[in-house]
């Protein structure tokens, strides 16, 4: 779907996730045309289906939709924390020139966890989902490093301090409790933790939702700076077209668990094709 | 099976009009009431099967049914079930608690085992075929023909970071041990070094995280490449695990905060002079003129704190040699 | 150097045993007969049998005598004894409908098929200490029994089927307001928690066994927590019955069903409305769910508590809207902590020597102390330099200013 298809790092193909027993009518009776994602026959909820996209090297892809559109489920599927019922999720390492793509959904549980730790970093809307509030900030940032086998406290603290600097946090607060941090700062701690393992893809799930506007703006500035400096691929999920506009070069629009539109963000904003996207755009701009 | 007869005997006794039981009746009751080793043979076989599984997967927690014993749960019922499932009439048994053969709990367990097996017992570590212990590994190195049975209260080292068994079982299966490492990191940050005093977590054969029971860190190196089979039983938690002979056992440590034992250089046992044993503190009452111990509160002479070997039989052996 | 002898553990243990016996007997009153305990401490015996997980009133009475009335100690003795018994046979499944009831009530409907039967209950008695019991004699007992029996003879119905009732839950099922139990699980051979290792998530038979063997007080506390505020299941007592249940086995040779005796038991069924998270299911057929409680002997608090907990845990495990909140909705939390023998054993194990581990704790404490001292010295130094840089008075000067020292010792 994009021109640089040869340069993708992550490729989702026909991902679907449902909750319930399922029946032959599920797929034909749900989706944007029926304005529901629940099957009227068997009651099964089709959280998402037919999700396909490429995430290019150093690219940021936005996923936008209202609550219940399935965007959080898509994020969970990509984060390998929620198993997809069908579809494939391909990953290609860009470090080595001739690396074969691997289907992440075919990996066993152990390999999935290792991959998630090493190659993915996720930032949640609610910090307590991404952080252990009983550990110090340093301990939280250290977690992925320890999982990857780092066994030197000095080196771990050095790395954690660098990450705090990178995310504009005072390294002097390395040993403080997360409770003493503000909402915006906690998002920076989450970003530090997510980046600690030098992941291939950073997943951002409504990271600025619920923050003050000024704080929101500064967190978005930080993410934009990281896009430039780290050249890391990002997947941004948000209900807010404003956030998507600032961060994502390309965007997927979800409704009732299905993709209704995808393309360059600017194009979607200027010339939305699907009536739902038109509604979305006109209500924000 | 003797039980049905003994049950009948007991019921008759209960319903008999005369409540007077002669002392000879009592002795008879002790002899016939219980199976060799108290628990029934089927249950013993279950324990032995689980032990085989535990030996086959070093450091892995194996669930077992865990029968009720006449000893309180949490007081050594796991170790006891292993011992009772393994002992043969020709075994020689040593039971210690805190390294001490004469500790009240060791006495109680030994009495129970003897009462139901009539086994030969010893305090000499080297004479025993099976040593059951709580909180200590004996000082004298054990051999290939000996078995060390350890009583375990908590069994799963992940309990510190994850209370749910369902979740921690999954973590063991996936070798997902990051949380315990964060716990270690946090303790370094908060208290300057890893502040785990006993029950130190180890990795067995680079695969399973294992609880070493509340033994001091001093005892941890004895587990690595040991000649002896180590069997661990947690009765209340219903888990068995093992370190087979010559297994690699590594305490969790950081490169810059290496694992240390609590040994203080230069400190010696005041009885046998040993500087290379685990010592515990004891208060020594001051003696009055007539030789009886007197309390410092009632007269001016103060008692004092002294360090002794916690392994009493080893200490006595050394004293005899000196 | 003289040391107090370290030998003496054995002697102390033996002497302690003698002392226990001495304290049990030193009142020199008439020794209690087992029969008396069995008859007159009926409910204590029932509780010991339940928690001891062994239906043997005579042994339970003996255990109570030996333990001087300590309920947990008595059930501990029974459990240990139970361990020595071979498993000769399994009884056949029975149903509460076959109970010859001495009491059966329901709070769902005033009139139920078969009617309410109050039976022997203290529920509606004012709890006043009865000083007349101070003067009870064999004569007063005999007189009471004679009077009571005469009264019964006068009013007794001739029907031999007295005491058998249809189940209230069955009539609710017939009305179509009860959710059906999951098929399959019902037919499975129950899991034997005393013979097999349990792991989580556990089947319902594990839950029911652990709960019925559980400590009365713990079940009561957990159930109470759930209905008082830390939970959202609002149950109603469908039916509770107390009475005699037949115990049947297959004859080992002929295979025929043989009744080998009966046991006194209490059974309770609690119902509660549980909203489904599945909207479609919720709209099509809202139902009541069932919680089951069972106790050896006459044990109403236990049966009711157990039924509440079973209901809460079923709802919680099915992922229903209700039953998610509160500690009592966590299966592991409830099942791993209700056993009196396990809980008291581990709680009491702190009385055991911990000399070795405490010594290790002291060493770690010393190290942490050194660390804290070093850290606070470091921060004091930083503070001092900061003050110096800003030319602020030193802390000592500050103290001097606030609390001037006149060079005199106070009073």
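Note that the chains take the letters A, B and C in the order they are written out, and that residue 1 is the start of every chain.
Methods note: contacts are C-beta pairs under 8 Å (C-beta built on N, C-alpha and C of every residue); 3 or more make two chains touch, one makes a residue touch a chain.
Computed from a predicted structure; not experimentally measured.
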item: Centroid comparison with chain B (C-alpha atoms), farthest chain; value: A
item: Identifier of the chain whose CA centre is least distant from the whole-structure CA centre; value: C
item: Gap in Å, rounded to a whole number, between the CA centres of chain C and chain A; value: 47
item: Distance from the mean Cα position of chain C to that of chain B, given in whole angstrom; value: 30
item: Chain A-touching residues of chain B, taken from the complex the two chains share; value: 174-176, 178-179, 181-182, 185-186, 188-190, 253-257
item: Residue ranges of chain A in contact with chain B within the complex; value: 109-110, 113, 117, 132, 135-136, 138-140, 142-144, 146-147, 151-154, 156, 175
item: Of chain B, residues touching chain C in the complex; value: 1, 3-4, 7, 10-11, 14-15, 19, 33-35, 38-40, 42-43, 46, 50, 62-75, 77, 97-100, 102-108, 111, 134-136, 153, 163-166, 169, 191-193, 195-199, 214-218, 236, 238, 262, 264, 270-271, 278-281, 284-285, 287, 291, 293, 308, 310, 312
item: Contact set on chain C toward chain B in their complex; value: 1-4, 6-10, 12-13, 31, 33-34, 58-59, 62, 76-77, 79-80, 82-88, 193-201, 332, 336, 341-342, 344-349, 352-357, 359-364, 367-368, 370-372, 374-375
